[in-house]
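Scroll down for the structure; my scribbles are underneath it.
Note that the chains take the letters A, B and C in the order they are written out, and that residue 1 is the start of every chain.
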Amino acid sequence: MQAMNYAFGGLGSVPFPPDVQEHLAGLDARTDDGGARHAEARDSALSLSSISLSFGGVVALTDIDISVRKGEIRAIIGPNGAGKSSLINVISGVYRPDRGHVRIGKNRYQQVPTQKLARLGIARTFQNLALFKGLSVLDNVVAGRAYTVRSTFLGQIAGLGRARREEADARDRAGRILDFLHLGHVSGRLAGTLPYGLQKRVELARALVAEPDILLLDEPMAGMTATEKNEMAGFVRAARDQYGTTVVLIEHDIGVVMGLSDRIAVLDYGRKIADGTPEEIRADQRVIDAYLGVASENEDGEGI
Amino acid sequence: MSDFDWLFFIEVLVGGLLSGVMYSLVAIGFVLIYKTSGVLNFAQGAMLLFAALTFVSLTERGVPFALAFAITFAIMVVIGIAIERTVLRPLTNKPPITLFMATLGLSYVIEGAAQLIWGTQVHGLDLGIEDLPFDVGGVFISQFDIFAAVVAAGMVAALSAFFRYTRIGLGFRAVADDQFAALAIGLRLPWIWATVWAAAGLVALVAGLLWGARVGVQFSLSLIVLKALPVLVLGGFDSILGAIVGGLLIGATEKLAEVYIGEYFGGGIEGWFAYVVALAFLLVRPSGLFGQKLVERV
Amino acid sequence: MSVLTADLPVSRSLPGWAGTAALLAVAYVAVPIFGTSYLFEAILLPFLALSLAGLGLNILTGYAGQVSLGSAAFMAVGAFAAFNFNLRVESLPLIASIALAGFAAAAIGLVFGLPSLRLKGFYLAVSTLAAQFFVQWALTKFSWFSNDSASGVIDAPPLSIAGVAFEGPVGRYLFSLTVVTVLTFLAYRLVISQTGRNFIAVRDNETAARIIGVPVLKTKLLAFAISSFIIGVAGVLWAFAYLRTVEPAGFNLDRSFQILFIVIIGGLASIRGAFFGAALIVVFPLVLSRLGSFLLGDIFDSGVLDMSQRIVLGTLIILFLILEPDGLVALWDRVRKRIGTGLRRS
């Protein structure tokens, strides 16, 4: 129910978790000129402006505007090939849009610098598993701290203080995340040998261990059983509630999406056809025509 | 620049282009297999050696040209199918680089077998074409080179026609475009693979004869693969047109470089020059001559 | 913690270290006492040099996933650099020459690793051939590298460190063994470090690695440099300790393939793999030649031996790729585990 409260909280009084609210209050104190536009800019963690993207002749995205507020769970839905993954790939700099730009915090980018993404506070998971198959589960998650490593390889070979501290810290955090996601019992296994559902969860762990401000999740529950999905939805919500993480979520399961998200954007053939709260989306005729009508037959997510 | 000898330049250029055709011919064998199964078949050079050695040994034992050609072709087809069955099929779905290493192992086996069966001595091969220079408006061109170029062109035309107009050829193109789709519409992949390996065997045979006539049939024939690789890098592993244009470019630049700048390096640069050209080109244009820019799917 | 031990709870605990210590004790004490000069000259010296080269390539190819077909070039750079440092810099200790040779190889490796920043897979593999041909050409062409010796073949300097001369087969063996042991230990430390993890991350999924903040370009270049350093030192051992001469011809494409085969047969992404692979590569031709002449007599001359070696080697590669892609190491561990459970049961 908490998710709904967020959604109906309205602009300017979004009930962020306490620490985030504190942070925002600090910002408010410093920039007191107010104004709706400034408030919007201040609250927005991420925004896309008139993004267009095509591959050869295939148009993947047309003139997309989407903004994501700090601390919200922002879902993106749409039929297969609608351009959802492309959107996340644009945000993470994997694809370069033909037009438009991405704003992350205060920075504006034509193409987001992927190698700096983690330092910009963004972590993501992938639609098709992108774990490091040859590493153990624990090492996969420890690798999620790669962006914090300052020690050189010589220091690491020699086992110097900084290298040791970094490694110990990373293992410590990874261990905690694994426990949080109930993955402790498989931490020693090679990631590639786990069942699909667990691999998806390890990916979430690898993203979370970086303690991102913004988390991009591309179909984190695809191919899962109903129980696994519920568990995963719980983790996503908990991540937001406990760490104040902003979440951009792509998911086909409408039930999950409606229950979990604060706002939903709907894509179809690369265009945004609707954007609003779950209630608004549920009532939107174009969405029903383009997507929900079909999707309701596929509540359990298979086949979409 | 007034004393620049243009006639000589053209002569070098044409010579280079013509030897480039010979590179293209080897490269096409790679492209055929790469297009259908995604394998960079390093053993193509060894197949070429095996074909040439078999052919020569047969003719030396008194087998007439046409019969020797037919027998060798049949053997190459059998070898090709055997390779596909025993080596590549068990490795389906393995990373391309694993398949590459398997063909590297294969090239050792074929080279070893070729010489174990037919011996290690150098054989001359006479195709009845004399390597006499031939005067075209003051530019001397080797008759043999022209013959080789015509054969190569004929080969390319025949292959193109085969893939454009026959059922199995069309299947080949379907497989090259999308293996799963091809499977889904009921194309029999094993047949197509067998055909492609047979075609690659034929290319190896023709290239082996031309190169064998040129440099003698001996072990070093299999090293011609090393000449074809930069051509492939330049033209793209999956484009027949790329193999042709790449071969011409590499052949021409290599000859020109050898003649005009080779002396500054103390000569002998042909071993690596082609690689440097191909690399330099790739660094500027990573998708090669004709490849379209692919964005990795995530 | 890496692939090396993740599936191997056995070797994680004390016995792993105890095993290594026991192995070193045998190598340092028992082998020098009981070994014949044939054992050193024909088996152990080439084995050590090739193991080290395999180890170097395994860091690049097995761990970091960048295929190289030009390893022999870096061996050559190492050998010639050590020769020239030793010759031209007066009173430079041998150990410093060797280290500098490693750095020279690393520098060249870095240059030829640059294409890896833009090229992948086959394209990269082919581009490493450029290193092979260019280096071999340069070393043959410019006689300065071989001190203008007419034949291009030069004698290696005697091995001595801090006044201790490592003479004779046993001395050279102990010298090689020490160098290999030290570098192997460092390589082991490397592959279990953050950097080693980055190597595997780049190999398994470059995009994901970049996104979590692994410095992909730096990591690749580092892999090239470290790998070339180790291979360069292996080249020094090959020339100075095993062959006792330095010549470009020995570092040809076949040698590069040989090192690649060592890694494939031994086991990709495994420290022990390089040693297993090198052992097989060194020993099998000797066995084959004994076996051949025993079974076939005079027909089995050097030509036939050479050809059958190629055939057997090629077949081995294919068989390993198909049946045991994780190499001899995986085979060994399975056998050991089976024996272990067998013993426990009885």
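In this text, a residue touches a chain if its C-beta (ideal position, glycine included) is under 8 Å from a C-beta of that chain, and two chains touch if they have at least 3 such contacts.
Computed from a predicted model, the values in this text were never measured in an experiment.
If you draw each protein chain as a dot and join the dots that touch, every dot ends up joined to every other dot.
In this structure, the chain pairs A-B and B-C differ in their number of contacting C-beta pairs, and the larger number is found at B-C. Of all chains displayed, C has the C-alpha centre closest to the centre of the whole protein C-alpha set.
Here the CA centre of subunit A is 44 Å from the CA centre of subunit C.
Inter-chain centre distance (subunit A to subunit B, centres taken as mean C-alpha positions): 49 Å.
One simple way to say how far apart two chains are is to compare their mean CA positions; for subunit B and subunit C this gives 32 Å. Shown for subunit B are the residues in touch with two or more other chains, namely 296, 298.
Among the residues of subunit C, those in touch with two or more other chains are 207.
Counting partners per residue, subunit A has 94, 126, 130 as the residues that reach two or more other chains.
Subunit C meets subunit B in the complex at residues 67, 115, 118-119, 121-123, 125-127, 129-130, 133-134, 136-137, 140-142, 207, 253, 257, 260-261, 264, 303-304, 307-311, 313-318, 321-322, 325. In the complex of the two chains, the subunit B residues touching subunit A come out as 292, 295-296, 298.
Every residue of subunit C that touches subunit A in the complex is listed here, in rising order: 1-3, 6-7, 186, 189-190, 193-195, 197-198, 200-201, 203-205, 207-216, 222, 226, 269. Residues 40, 87, 90-91, 94, 96-98, 100-102, 104-113, 115-116, 120, 226, 229-230, 232-233, 237, 265-269, 271-272, 275-276, 278-279, 282-283, 286, 296, 298 of subunit B are the ones that touch subunit C when the two sit in their complex. Listed in rising order, the residues of subunit A touching subunit B in the complex are 55-56, 85, 89, 94-95, 126-128, 130.
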